[in-house]
Amino acid sequence: MLSQYIGVVITFALGAVIVLGMVSGSMIFGARSTSRRADKDEVFECGNPSSGPARGRFSVHFYLVAILFIVFDVEVVFMYPWAIVFRQLGVPGLVEMLTFVAILGFGLAYVWKRGALAWD
Amino acid sequence: MGAILFLVLAVLTIAAALGVILHPNPVKSALFLIVTLFLLAVVFVLLEAHMIAALQIIVYAGAIMVLFVFVIMLLNLGIDDPDRGRRQVVLRGLAWLGGIVLAVELALLVRGGPAGNTAAAPAGYGGALAVAQSLYTDFLLPFELTSILLLVAVVGAVVLAQKQRRPTIS
Amino acid sequence: MGLIEVGIAGVKAFAVLMMVLNLSAILLWVERKGSALIQDRIGANRANIFGIMPFNLGFINTLIADPLKLLTKEDVVPKGADKFLHFLAPFLAVFPVLVTFAAVPFGDQLVIGDTVINLQVADLDIGILYVLAMSSLAVYGVVLGGWASNSRWALLGGIRGSAQMISYEIAMGLALIGVIMTFGTLDLQAIARAQGHHFFDVIPAWGIIYQPLGFLIFLIAGIAESKRVPFDLPEGESELISGYFTEYSGMKQAAFMLSDFAESVVVAGLATTLFFGAWQVPFLFRDGFHFPGGAIVALPHLVVVVMQILSFTIKVFVLCIFQILVRWTLPRYRYDQVMDLGWKYLLPLALANMLVTGVAIVLLG
């Protein structure tokens, strides 16, 4: 099994070389600017002067989505090994996983009712 | 051959971990942490714990670090500028000293402990089937209790985030 | 673990990566010309060779002129942006997507003399988990791309894009649970081989017959994950200019666009492997065709292998074309509609699918 990973390592190496070559392509072959005009480096805001650095108030919903993602990702991750041995476990296995999912389903319902999933 | 591979990986992992704590830019620290977790997953693969390696990347490097990165970017944590005042220097020195003492203690404990088992792992040792078979038979109760733990986390996060009734953080 | 095995693995890895990249390029051309057909216009046909017919169908434009143009554009890093992160973001957007194909089987096996070469770069025991792990790393390219632009609008596009991607990752993972329950393994080559038999000797036992709802959920979640229309709000053409990759020019922008198509190919590849029998051709076994009437057509080994690889490629291509058709037909979803669909509809639906599959397996054995 471990010997299979040599394929993974080679793919990583080849992929890294290809993507690095691509991304640095225009750094190497790209035109060089002869005029250092101040406006060219400004960020693009349809002509308006920049409205300030990327700072300020962002909705807290992004944080909530990330936390919910972690929790449900862990739930899915528990389901993968269960799905493999499901046929051996039979009905007790189904009941076990149903309990797990039901408890987390309560969590989802609570989040839903509290409106944390709304207007994200 | 396996020892050389492990040595290289260990040095890289420690270097990445040092990058996490020593780099002033918080976003790059988070990136170093992702690299550290990825290298740890590779170490797990070397130890034949394939399932755990994949889960490490899916959950830790792919979910928890996303949360870290979101928070760093949304709060726009600035560059960490270490204070040069005398009190800070003394505290930092004490922290380094404590860290070195801890590392030496751990090294002595590990060397004095029972020798590791260098026999080859049985076939299918860390694969998904082996993990699944022991998880859902011997460790059923901890598995069910985990769901309650996760429920607590969800409810806690929602309560904390909605405490102020104002949907913005600044 | 000799040099020959490493060499074979290298050749396979190179072939797979070239296939993904070339397929992405071809899909770009298909998208431009196909969208022109759908919208009743001509599309790109200006770059051609003396105006001769096959060369003014737009692929000189798409495959030669555009990449050359992007390569020679000036690489502008906006003021105040971190140069290293600006370089790293497109790399992180493309690289994880390219390496997922290491676990996808593109054929059964190739027997040369004594050696049996498994037509898959790495036959991992945890194949599906590897693919999902690499896909989950693709989120960082998006969010870093928005951050490294030092622009509030790019950052907003980046955060929204990554929030959308992680929401649909859960639905994707859950949709696959039904498939794993049916086949009982995470190994992609084993799942591909298990779809080789036929029901009643006529209907091929492909995954979609076992899991039609799972396929639907997976496809929708996959399209949302690759941020294609109708879920392309993070890119938000005509709203946020280019969203999270506004401040990228030249090949870095090309890398972000490549990641769009490469993710399409990955979603199509995974869907093909799990739901459409991967490289299986109906009635084709290792020694030739076994038709239901009893007729047997023996075929040489190489012909069988080529047919299987072709079958895989065609299936992936068809699924990609379907995604392109969807893109040019549907309008864009609003952001809260996108998140609603992911959390309130697909997630409970996938859980229900898992429950029904579990009951069915227990009842039918």
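Chains: A, B and C, in written order; residue numbering restarts at 1 for each.
Please note the rule applied: a residue touches a chain if its C-beta (ideal position, glycine included) is under 8 Å from a C-beta of that chain, and two chains touch if they have at least 3 such contacts.
Just so you know, these numbers come straight off a predicted model, no measurement behind them.
Colleague: Would you mind checking which chain's mean C-alpha position lies nearest the centre of all protein C-alpha atoms?
Modeller: Ranked by how close its C-alpha centre lies to the overall one, first comes A.
Colleague: Where are there more C-beta contacts: A-B or B-C?
Modeller: A-B
Colleague: So what's the Cα centroid distance for chain A and chain B, whole Å?
Modeller: Centres of chain A and chain B (C-alpha means) sit 18 Å apart.
Colleague: Rounded to a whole Å, what is the gap between the Cα centroids of chain B and chain C?
Modeller: Here chain B and chain C have centroids separated by 30 Å.
Colleague: Which chain B residues sit where two or more other chains touch them?
Modeller: 50-51, 55, 58, 62-63, 66, 70, 74, 124, 127-128
Colleague: Counting only residues that touch at least two other chains, what does the list for chain A look like?
Modeller: 1, 5, 54-56, 58, 62, 66, 68-69, 73, 77, 80, 84, 108
Colleague: So which bits of chain C are touching at least two other chains?
Modeller: 124-125, 129-130, 147, 155, 159, 166, 186
Colleague: Going by the contact rule at the top, pick out the chain C residues touching chain A in the complex.
Modeller: Listed in rising order, the residues are 1, 5-6, 9-10, 12-14, 16-17, 21, 70-80, 87, 90-91, 94-95, 98-99, 101-103, 121-125, 128-130, 147, 149-156, 159, 163, 166-167, 169-170, 173-174, 177, 180-181, 184-186, 241, 246-247, 249-252, 254-255, 258, 335-336, 339-340, 343-344, 347-348, 351, 354-355, 358-359, 361-362.
Colleague: Within the complex, which stretch of chain C touches chain B?
Modeller: 82, 84-85, 88, 124-126, 129-130, 132-133, 136-137, 139-140, 143-144, 147, 155, 159, 162, 166, 186
Colleague: Chain A touches which residues of chain B in the complex?
Modeller: 45-46, 48, 50-51, 55, 58-59, 62-64, 66-67, 70-71, 74, 76, 123-124, 127-129, 131-133, 135-136, 140, 143-144, 146-148, 150-151, 153-155, 157-158, 161-162, 167-170
Colleague: Give the list of chain A residues in touch with chain B in this complex.
Modeller: That would be residues 1-2, 5, 54-64, 66-71, 73-75, 77-78, 80-82, 84-85, 88-89, 93, 96, 99-100, 103-104, 106-108, 110-111, 114, 116 of chain A.
Colleague: Please name which positions on chain B make contact with chain C in the complex.
Modeller: Residue list for chain B touching chain C: 25, 27-28, 31, 34, 50-51, 54-55, 57-58, 61-63, 66, 69-70, 73-74, 124, 127-128.
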